[in-house]
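The following blocks contain the structures, represented as structure tokens.
In the two complexes that follow, subunit A is the common piece, with subunit B as its partner first and subunit C second.
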Partner chain A sequence: MTVATKPAAAADKEMLISGCAAIAQALRLADIDVVTAYPIRPYDTVMQAVAKLIANGELDAEYIVASSEHDQFEIVKHASAVGARVFCGSSGVGWMYAMEAIAVTPALRLPMVALVGNRALDDPGAFGCEHNDALCVRDLGWMLTWVDTAQEALDTALIAYRVAEDPRIFLPCAIGADGAFLTHSETIVKVPSKEKVDQFLPKYDRGDKLLHPDNPITIAPQVNEDWVMEIRKQNDEAMRRARGVIQEAFRDFHKIFGRQGGNPFVESYMADDAEVILFGQGTLSMPVKVGVRKLREQGHKVGFVRLRWLRPFPTPEVQEALGRAKAVGVVDRDYSFGSPNYGAVLYNEVRSALYDLPKRPHVISFICGLGGREVTLDSVVEMSEILLKVAKTGKVEQPNYWIGVRG
Partner chain B sequence: MTKALTVLPTQNLEPFKGVKKIALEEYFTSGHRTCQGCESALVMKLMAKAAGPRTVILGATGCMYVANTTYYSTSWVVPWMHTQLGAAGSAAVGTAAGLKALMRKNRIKQEPINVIAFCGDGGGADMGLSSISAALTYPEYNFLILMYDNESYANTDIQLSSMTPYGANTTFSPPGKARRILHKRWKKNVAGMLAAGHPECRYVATVDASYALEMMNRVRKALTIGGPTFIHSLDPCPKGWDYDPIQSHDLGELAVETGVWPLFEVEDGVLKFYGKSKSIAQGRKRKPVREYLLRQGRFAHFTDEDIEYFQKKIDQMWERWLIPGAVCIAMSDDIKKALAKSEVELATAN
Partner chain C sequence: MTGSVEVVYRGIFQKHLGQRITRGIVLAAVKEGKVGISFGRYGDSPERNGIPAKSFAVVADNEEELQAYLSRYEPSNNDVTVAVDDTLCKGVESWAWYGLQPINKLTRPGGTVLATSMQSPEELLKDCHRKDAEWSLAVIKAIPSFSGLWVYKDDHTDVRVLGAIARLAPHVVKLESVEAAIRDEWGDELKVASVRKAYERVEIRKVRPDEGNPEKPYEFQLPKWWEMKEGLVIPGIPVKQEVEGWEGGYRPGRNPTFKKFSTRTMRPVVDFEICTKCTLCWLQCPDSCFDVTPTGHYDANMEACCGCGVCEAVCPVENCITMVNEAAFADNASQFETYEKDKDAYKTWLKGKIEDKVVTYRSHGFRYRGQYEEELAQMAAGGQLHSGVQSINEEPGAGPG
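For the complex of A and B:
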């Protein structure tokens, strides 16, 4: 039971809902205008939840069931250009099917918000969580965040609209949510009031970029070598500005809702005095935090750092959170075949971010939990032991490990 | 919460009654870099003129994107946005849906705004067919999808598409010593397919810019009737078809006069031929396809045998199809008899 600390009108409502249903609540509160659905597990439960909200008159939006993911993303792309607040999403190969539309959205400076219910890229057939789907937009100008809980999913969806639609930014934002672990697990979520959300999230205003007969502009003309570099540079500058705008949004969010007061970019768990740190993103935090507590009980100085925003990548925060450790193990729910040290995607990002530190920790790559395989406590212990050995000896015998794999 | 409007009203664009009544204002004007004699550019000009100023146009990748929107010299006076090659249908749906939602929520002024998405034959008949087919099933949105068909991927160097005529010489189907005819597919019947397959779509038409007034009035009809509509335009292309640019207009007429390109419109499920195609359907003799084919370099390698084959296919279209140029199937004799019998019975009963 909760005790109301603020006037009843502004009180949060507690609901037992899944991560996808929590995002649907955020979409209701954000009063989105156009949403497109196409089925693929596991993200699609968000569209089922949105359909119910619309059918019950709780949300007033154009709900379009598209004929493919490519259509799905193209439809909202164009709705966004005429000034509509839009939502879209997909999973795994569905996200890949839409990739052409997804790839052009940042250069159009359209603040689309999309959910990626992370899923393995079958073949072979697999519904389970893997991050390679969302990671495909890593370099394209999408802001990319990963959430850990249903509450964080709701809060982040509201923050995503606020940041994406900020005229200083106008970039799309993808929210990564681990398939099944987050998309389908139900927990208690605090759903804020519409009044509070209206204080936090202004209406989407495209200004002089609006496509309308009153503003007859030509969008995305042929520019070729004459202008492409300048336009890419503008995208880069917007992404650089996003860092400050995200911080601003989190500050305001905390003021209005009383949540999300911590570091917007990284969550540190028992990491301040840790000799070895496990690093990862998404729902990985649950088994790792439990493992860290157990290892701490045994006297091992182990910590955990969870990355919340992959783009823009929070280089100073990551340096600050990991720089004092002797060894860092980057736990990737993804792969990057043939990459440096055969490490996965996050590993190479982190190693690059730490490179300029005068004294930097050893960084080890752990690939685990692919295809939805559970990251167990035993795996956490195994990874920590490898790191503790590296910390003790100061030697990296092997830069990359596949954890929890047979044969 | 505001009450959902099911369908927004459209602009009432009355047909132009004669060439002299056509509006003077241009909405597709100077600044483009299309080839001399480009009929697709003419289609853009007439389409924009027919639609008028309260219009949003979406253009899929193709000649009419690449040549028309050079940065700093756009030829579009009305708002225009690029869409991906296979996304004309989705662009139309998204734009119409966005405008509709914002008008319903009083975020923008409520007024009928024309939404037109165009694509070439590659974007429409190949890659974007599924997107267009889907778009034509959303009765609550008003828009027109116009496919300008110059019978090849003309912007990328004249590669064949599913709309390239049988046997034509393209960079993907050059006639060679061992194989004279590399491209043996027969052109898709897109307007007929879309009309037959989308019973809720209220208007589908074929047009030819050699008959400019008729063409513009079909555009106005498509934008006035409400719901999603489709127009298929055949556009002679000097570069792809290989002829002197001065002949574009004549070739557009010949395509109709030889029966290669039937002009028809399907309004609320009723098909009507119009222009010269109407008299052809009523028995007027068609010109031989030879006259059309031999004026184009892309058929220069054709032998008499090839021309005969082409003529036979066109004859079949007019003589054997259930609806010439539109529905490429015929009814079996027993069904024809049974239907005739039931019609007689029905008439007797009445």
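For the complex of A and C:
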């Protein structure tokens, strides 16, 4: 008797690669057409990895070294308008320098996928991870997702193309990847076959929005107050639809690749029965999970919830994941100077999302790990103890803490 | 009590004029202890030649009354609408809205449209669209005052309009307060005299709802957000348009919702008999406004022409294309079709239109440095006023060197 086996081509290949190299593998599998590059750390690892793939004949794509980040994003914007599948990326102030092009991409409904290798905004010159660079597009119509492993980076890049290029959406998507911890660390990554990816990711078809001599259109006209609000409303609707399309994409991804079967929007870690929950995004998940396990061993009901998509913000999932806790600590690897309670970006988002619940947990802001500083196990314990005290006393003595700052 | 005035003017040529009039209204109202605001319509493009644009003045007894007019683009119920160029009475299409807006559209029932014109109210009324209420048409005799972006032609048109407004809408500004404001602002008794003369001489004619141009101006319905194409995409216009009754020939496709012709203060007339079909006008027209007729002539389409005069400048045949006063026309009919119907009658018509230009001179504003000084010298010498494109019916030597 013979046992039917899957063809060898369909098997995943395991590779020891960095988060950036994992994304480059996703770009190879997505068979991107145009990629632009301008070096800035930590994003530049991906441009090196893509250059290598092209040089090795593994990927056939236009590789354009731009004269600045601004040009980098302008070039892919236009390539996307003429029907090319594009990739771009940057970090820190490089991303900021491209902001004019980045800001208009959603209104043009160009499904660019970009990597933001998260980096502190100079000055002071610093390579370390902070999320404020990517967060600058929070309000502009970009879909925004954060990953915490190289595997998730690869998977999410494929999902990002599928969602962004869906004609119901046509919005750009930025993938946040923590500088150093994710971009520059090599781990074993399962790289799927091209056949599987082809099943998952259809060709980019811009339809009647294609800028081409055979389809004469004008894009991006000058308009006045009679038009802008309708255009913004269209973007709002696309972002609302993105939620369902992301769910669809994860469902299909799981069917085809056998991974990413969990909740697409939030990862709950020992949070179901938790009295206090730490909440954050990106690679701080690693020390926090370790800390949660340690505290659980000591009998403390501590959990962790990791946000995976900041835009569209998964309000129902966040309410569901955090609503039963007594106290929630939002760990921000970013700042929003002068914001309510001197908290930071995620803190304010989460507090707002929980506001409509009939019974709300206390929400504490923790600013931690700025400039790439490690979020240590001691920090996790310190934050948890603050939350446990709030849960016990029912009182918030201080709404905001800087954790791990000398002083 | 509030009062408001809109001044409809031509971009660049009258930008300063429009602003000076609305500022003058507010400065005068302040003399009466009132408050006011003077502002341009933000969506307009007043830095483009001839594009219709607007400036507004609102005055009120107190700050609270004025609030209803603040943070707004335009008051919609004006006591007086001023057209500082009489061709604006044919309707205006600015960059700020869509469709042709009748000159009296934002004039309140019982309000007045005031034009500076060499035409009588009776003649000018033919250009103005009908209004579903009684209104008045007033005229102060004047050659429309055109200047440039950096230059202002101080020919007293601003103060004359202020004087006429004091007569037409004394609850907005009184004659004495206009005079006081002018003394403060400009310290010029000659201007005060001009105010008084305009106050006395303004001609006013009551208009019934059934009088005026019966045509319905073209309109444009703004689409709902879900009706608009996403991604800021605007479908292209077909490259060619069919023309009824034409066998052969060519008419380029044109934007059906933005026609541009209300920008025109002069229009080209073509002598088809002497045209050599050289194509230069068709080639050089920045708006592709020439239709190629079945006979191979070039017919300037009056729905598309904004009257820039390039065709006249490039035409190599003497007297073939002539820019003439837009005020002398009542419609946008095809000149070529008129010519085809009756060639002799067309010749007579053409001659009449060209000669009409001498009576009411038309200008393109200031076009080169030093023109204002030249004009001043001409005026001082009592000669013919020259401004704008030099054209064939001028006295030799009258134009710029």
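Heads up, the rule we're going with is that the second predicted complex is superposed on the first by the 400 of 407 C-alpha atoms of A that agree within 3 Å, B and C clash if a C-alpha of one lies under 4 Å from a C-alpha of the other, contacts with A are read in each partner's own complex, and residues count from 1 in each chain.
Note that contacts are C-beta pairs under 8 Å (C-beta built on N, C-alpha and C of every residue); 3 or more make two chains touch, one makes a residue touch a chain.
None of these values were measured; they are calculated from a predicted model.
**Student:** So in the superposed three-chain picture, is A:Ala101 touching just subunit B, just subunit C, both, or none of them (first/second/both/neither)?
**Tutor:** first
**Student:** Would you check which partner chain A:Ser68 touches, where first means subunit B only, second means subunit C only, and both and neither mean what they say?
**Tutor:** first
**Student:** When the two structures are overlaid on chain A, which partner does A:Asp60 contact: first (subunit B), second (subunit C), both, or neither?
**Tutor:** first
**Student:** According to the stated criteria, A:Ile217 is in contact with first (subunit B), second (subunit C), both, or neither; which is it?
**Tutor:** Both partners.
**Student:** Between subunit B and subunit C, whom does A:Lys203 touch in the aligned arrangement: first, second, both, or neither?
**Tutor:** first
**Student:** Touching A:Asp226, do we find subunit B (first), subunit C (second), both, or neither?
**Tutor:** Both partners, subunit B and subunit C.
**Student:** Quick one: is A:Ala79 in contact with subunit B, with subunit C, with both, or with neither? Answer first, second, both or neither.
**Tutor:** In the superposed model, A:Ala79 contacts subunit B only, not subunit C.
**Student:** With the two structures laid over each other on chain A, which partner does A:Leu16 touch: subunit B (first), subunit C (second), both, or neither?
**Tutor:** neither
**Student:** Count the residues of subunit A touched by subunit B and by subunit C, then name the partner with the higher count.
**Tutor:** B
**Student:** Looking at the overlay, what does A:Val405 touch: subunit B (first), subunit C (second), both, or neither?
**Tutor:** Neither: A:Val405 stays clear of subunit B and subunit C.
**Student:** Under the contact definition given at the top, report the residues of subunit A touching subunit B in one complex and subunit C in the other.
**Tutor:** The overlap between the subunit B and subunit C interfaces on subunit A comprises residues 216-221, 226-227.
**Student:** Write out the stretch or stretches of subunit A touching subunit C in their complex.
**Tutor:** 107-110, 170, 208-209, 216-221, 224-227, 229-231, 233-234, 237-238
**Student:** What residues of subunit A sit close enough to touch subunit B in their complex?
**Tutor:** Residue positions touching the partner: 33-34, 57, 60-62, 64, 66-68, 70-71, 74-84, 86, 100-101, 104, 203, 211-213, 215-223, 226-227.
**Student:** Provide the residue numbers of subunit C that touch subunit A in the complex, in ascending order.
**Tutor:** 43, 73, 95-98, 222-226, 228-236
**Student:** Could you pull out which subunit B residues touch subunit A in their complex?
**Tutor:** Those in contact with subunit A are residues 1-2, 4, 53-56, 58, 65-66, 69-71, 74, 76-84, 86-87, 89-95, 97-102, 104-105, 107-108, 113, 130-131, 133-134, 138.
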